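One structure, as structure tokens, below. Some questions next.
Naming follows writing order (A, B, C and D), and every chain is counted from residue 1.
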């Protein structure tokens, strides 16, 4: 795999390592807040754990996967060595160092602020610096992809950018811009306080800045999964991508619509005007477009394969799909969870319905269905698919792989569905413990217990994944065929110009950011009353 | 670890006095001492002067009480309490640590014999209502809470009674409320039965403020000396005032 | 300090005790050849009550009561808190109470404690108990003290658990400490000197345990022999125990025996007055010793090798006019606050108001004591021979660090004094020093 | 500029327009129908108007004007401790020579400086009242308060007050259904959070009295009424258990 084999391995290795640890924390949280475990002696430990779990799962794990996968895509699709390999390694180490620093601070109990920081909570400065390092490292990756694409363009003037690379770069731009929000929050709002230059935080502004990143980051997590839908699945099941153009459209639409919607997380926040919230609601709705485009395109690609394999009937062809193929299985599971998650999402994005589940366990259920559910299972697929090319060793039994995917799927469903229900019952998020001995609550206890079981399955599945990947290293070397992504059904040499570059879409992204965020930010910077004294966490004895 | 022992057992510090006289020490290295100090109690109690004033009349600083012309028995009890740590104020505890009762009697007598004009009464910042409450408590007490009138023990003139009950005139509100609160908290003790602890525990926070405020605003009567022992009986049994 | 009635009784009877004890010791001294152990005659030959009296006298000499009695507590019932850099220890109940005291002890147990620093169960005793000095005590005296303690009224006062930090709470660690600082063995008379000198040595090195403070205490909480009686800061308490060897400090080379005796007995004399921890020693111990013993102590102390080290010449901090200003400020404060007693020329009015001119305690290297005198004031201890001591008021609350630094510097460099200047920081550091332990 | 791009831009512009009309014209006119168009538009934008528009200020009476700043968290200097020691002589009558009262007045030895400082400030400003402390604090300058606090913070906590035995439920877990956080997770038995007082070894009577005062709103210098809310939810038993536990008397 050209010159990035070890680089990608490093990214995946560290990513899944951190993932496994954070997974255990997650399950521990499940247990301690369920009736199965006596109340914690010190609830603060629970919040430490939540912070660590969120920071790793939200910032470290997906970022590293996206980076590693991105490098792999760049070299395989452009068919040339990565430009700036050393820089890429530096970026990797920035992420690693950032992670370790942040983790140590959290473990020491000096930054139990949860991964969304919650100003005016202010923890130890090093934690934020660690997170900032992770983001900056990922920005280097964004720059490298652009540079590599430019370099390729120089030698292939006017040629069509390979689809996978196009999607890949689109994703990187999405991240490059959306991360600006959280970085701005850290640099201008939190760090000055954490370092002692200021004593008040503009909570309103900080929350708005965070929302800038908070929702779009999900699409950044999503992009690798979508790329896998479009370019791994068809190849893996011996089919072709149904439509190159529609695929590109889906990705650029994410680029456009991911940004101007974050404030739907602040529906209950008073400092943002209702009109602004409506605007964000409208564009949140627009995100369904690229999603539905994708569902359609991928289903068509699958149908293509099925019919080639003799599948027939209106839906009968589904049976003809190669279900023994882990990729196929993974995508199917991913779709199911995406379906449920998306449906829940419709409720969150609607101002009125949101108010009934805002800040309840429902939200936790929702994003666990989307991210660890629909998205992470595709990360597994990506890892399995790339592994032989990366290690020069074939995976062990596919049955084991399928079991792992099944466990994850079932585990995630059992974990998240009860959470949705608990949320409807009104159980708040982020509670270290909850009195299920109380007769009023005893009937709800089954929800958290179910989650423990689901979480348990997920843990088994996660460890199984690590086992599968590591055990393969003990197998004899094979010379895998050059790694490739699937071609489109009709590989036309040209695409609409707008879909070969990013100018229009980046323009729209910036414009919509300005429209939807410009005023609130400008306004909040003016209002002094949204500044409140910082609340320092982690006193220690 | 000897240190700990030394904290208490230390062979400590000598002040050596060498010849103060101008010319060099005499051949044998011996030197003549200066003239001895005046052989008076006044000269001896200068250790008290910076806080209580050279004659115990009090100082600019309202934290320190006036001790002049307080009953000798009362002063003796306090000296003893401070030496025994029954009342805590390090400078007092320290100064009195190695003095004995016989000397305390002399010191107490010296200060109680001082007849000096009282300082101007305080100009209180509290409202007239509060002052009125204070006056009522002092003169009538609070039957509801079984609080006896201050005048019952400290005298209608509030100048106290020999040997053990002090006057309440010429004290600062801050000092009075502090003493009452100490009794309540149990950081000030008197010889049992500790009647003041009884009383202080029956008072409310607001009553303490009121009493202290009113007392501090009272001018001293023409004759501000404690009444003769046995002039009246106290409503509560008090260890410091044997009946 | 003990002001319990029974205690005051014992104390008032102390002179009688002392007198009788004096007899027996005088006798013993005469009976024995100079070089032999200067302890009293064997317990067997004396009546019990005589032994009790002698034991009580020796208990005074050892100042046992000071540590084994808590504030406002029963004499010898223990519970007195002794803060150390390693944590707080509490003295034990040494009344003959069966459960908490020494009711079950044998004379051997008691001698073991004094002589070897082992508890009854064999474990090490923390050297907060000065057994490194008490080990010099003779068996006969140990038995006498034991007999006296057994004669006391048993007090049913439980002992308090020590509050030592890890790892110091592990007694076995004391092994190393003992190797370094503990040399077991009764006082060995020096044949080169007469009986009186040796009696003095016996009291100073033994029961008196003067070295405990007057020999510097190092980080490990031990006294190093090579620094014997060279003086040092008493940890936690922050008083400076002056050198008994250097004439620049409390060196006794220039003192007459009578003056030393008077000083130790009365606590205030033409030549000196005591304050700080020494007041306690004079008040609870030295004033009860008889002439013979005080004289013996004086002989021994005066004979300590005298070291004359000259400190670097004092330099006032800052520029010339800064120091001039400092002295001016010091002079102003002196005239306002000190002059009325210590007089303009610093000659004072001894013994009540000590002179400051040519006063070693003012001039000595460490400014701790002069500063603390100004901050905290003090009364000389009341003794039989100084029944109505004079006192100095505390100035901590009315003088600032700068004021005190200025006035102390002033008295340290005026009237021919050649002391070192004092900084505000030095003054400030002593404000938080505990007044009473 | 190619066709697709142009269409995209127009489409997005249209969405913005639709969204804008719904958000800033139509809905406001319905929701804030009582106000003029401009006012309605401002509300939709989220521009705050003066509280006058809503009548009385919704801001409750502030319970304390002390704000925890980094300056307050700075470590104190030896000089502070020294001056504090002298100032603190006046506190010894109630709080003991070394900050331990051996009675019912609070022990201050080893208490966090920010905690002592805040209480002194509140006494001075009248946010907390006490017959003695109000008068005492009135005569202290801001520097004085910091120095006194620094001094007490520098004193060793009494070794005698090592907690033993299991903490009662209210200290260990609080009572989630009554919104009572575990005392121990802030006040030292289990964990300590910044700027909350260290309660180990405080006199039982004192803790009981303060909790009762919080419950009755008689004491109200707790920011955001945190302690009032908690104490209000506590049963007298729980209050006594907590007090006894922290005093080491159970």
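Worth pointing out:
Definition applied: a residue touches a chain if its C-beta (ideal position, glycine included) is under 8 Å from a C-beta of that chain, and two chains touch if they have at least 3 such contacts.
A quick note: this is a predicted structure, and the numbers were derived from the prediction, not measured.
Under the contact definition, subunit C and subunit D share the contacting chains B. Ranking A-D and B-D by contacting C-beta pairs places A-D first.
Among the chains present, the centre nearest to the common Cα mean is that of D.
Subunit A and subunit D have Cα centroids separated by 37 Å.
Subunit B and subunit D have Cα centroids lying 40 Å from one another.
Mean C-alpha position of subunit A lies 75 Å from that of subunit C. Residues of subunit B in contact with two or more other chains: 90-91, 93.
For subunit C, residues touching at least two other chains, in rising order: 83, 88, 396-397, 434-436. Residue positions of subunit D touching 2 or more other chains, listed in rising order: 89, 97. Annotation, chain-chain contacts: A-D, B-C, B-D, C-D (touch as defined at the top). In the complex of the two chains, the subunit D residues touching subunit B come out as 89-90, 92-97, 101-105, 129-132, 135-136.
The touching residues of subunit A, counted against subunit D in their complex, run 39, 41-44, 109, 193, 196, 199, 256, 271-279, 282-283, 286, 431, 433-435, 438, 440-441, 496-499, 503-505, 507-508, 511-512, 515, 519-520, 523, 527, 529, 533-541. Residues 1-22, 25, 29-31, 33-38, 43-51, 61, 80, 83-86, 90-91, 93-103, 106 of subunit B are the ones that touch subunit C when the two sit in their complex. In the complex of the two chains, the subunit B residues touching subunit D come out as 63, 87-91, 93, 173-174, 177-178, 180-182, 184-188, 205, 208-209, 212. Interface of subunit C with subunit B (complex): residues 1, 3, 8, 63, 66-67, 71-72, 80, 82-86, 88-89, 126-130, 132, 168, 177, 181, 208-210, 212-214, 217, 221-223, 234-237, 239-242, 250, 254, 256, 263, 270-283, 340-341, 343, 345-355, 357-362, 369, 376-382, 387-398, 415, 434-437.
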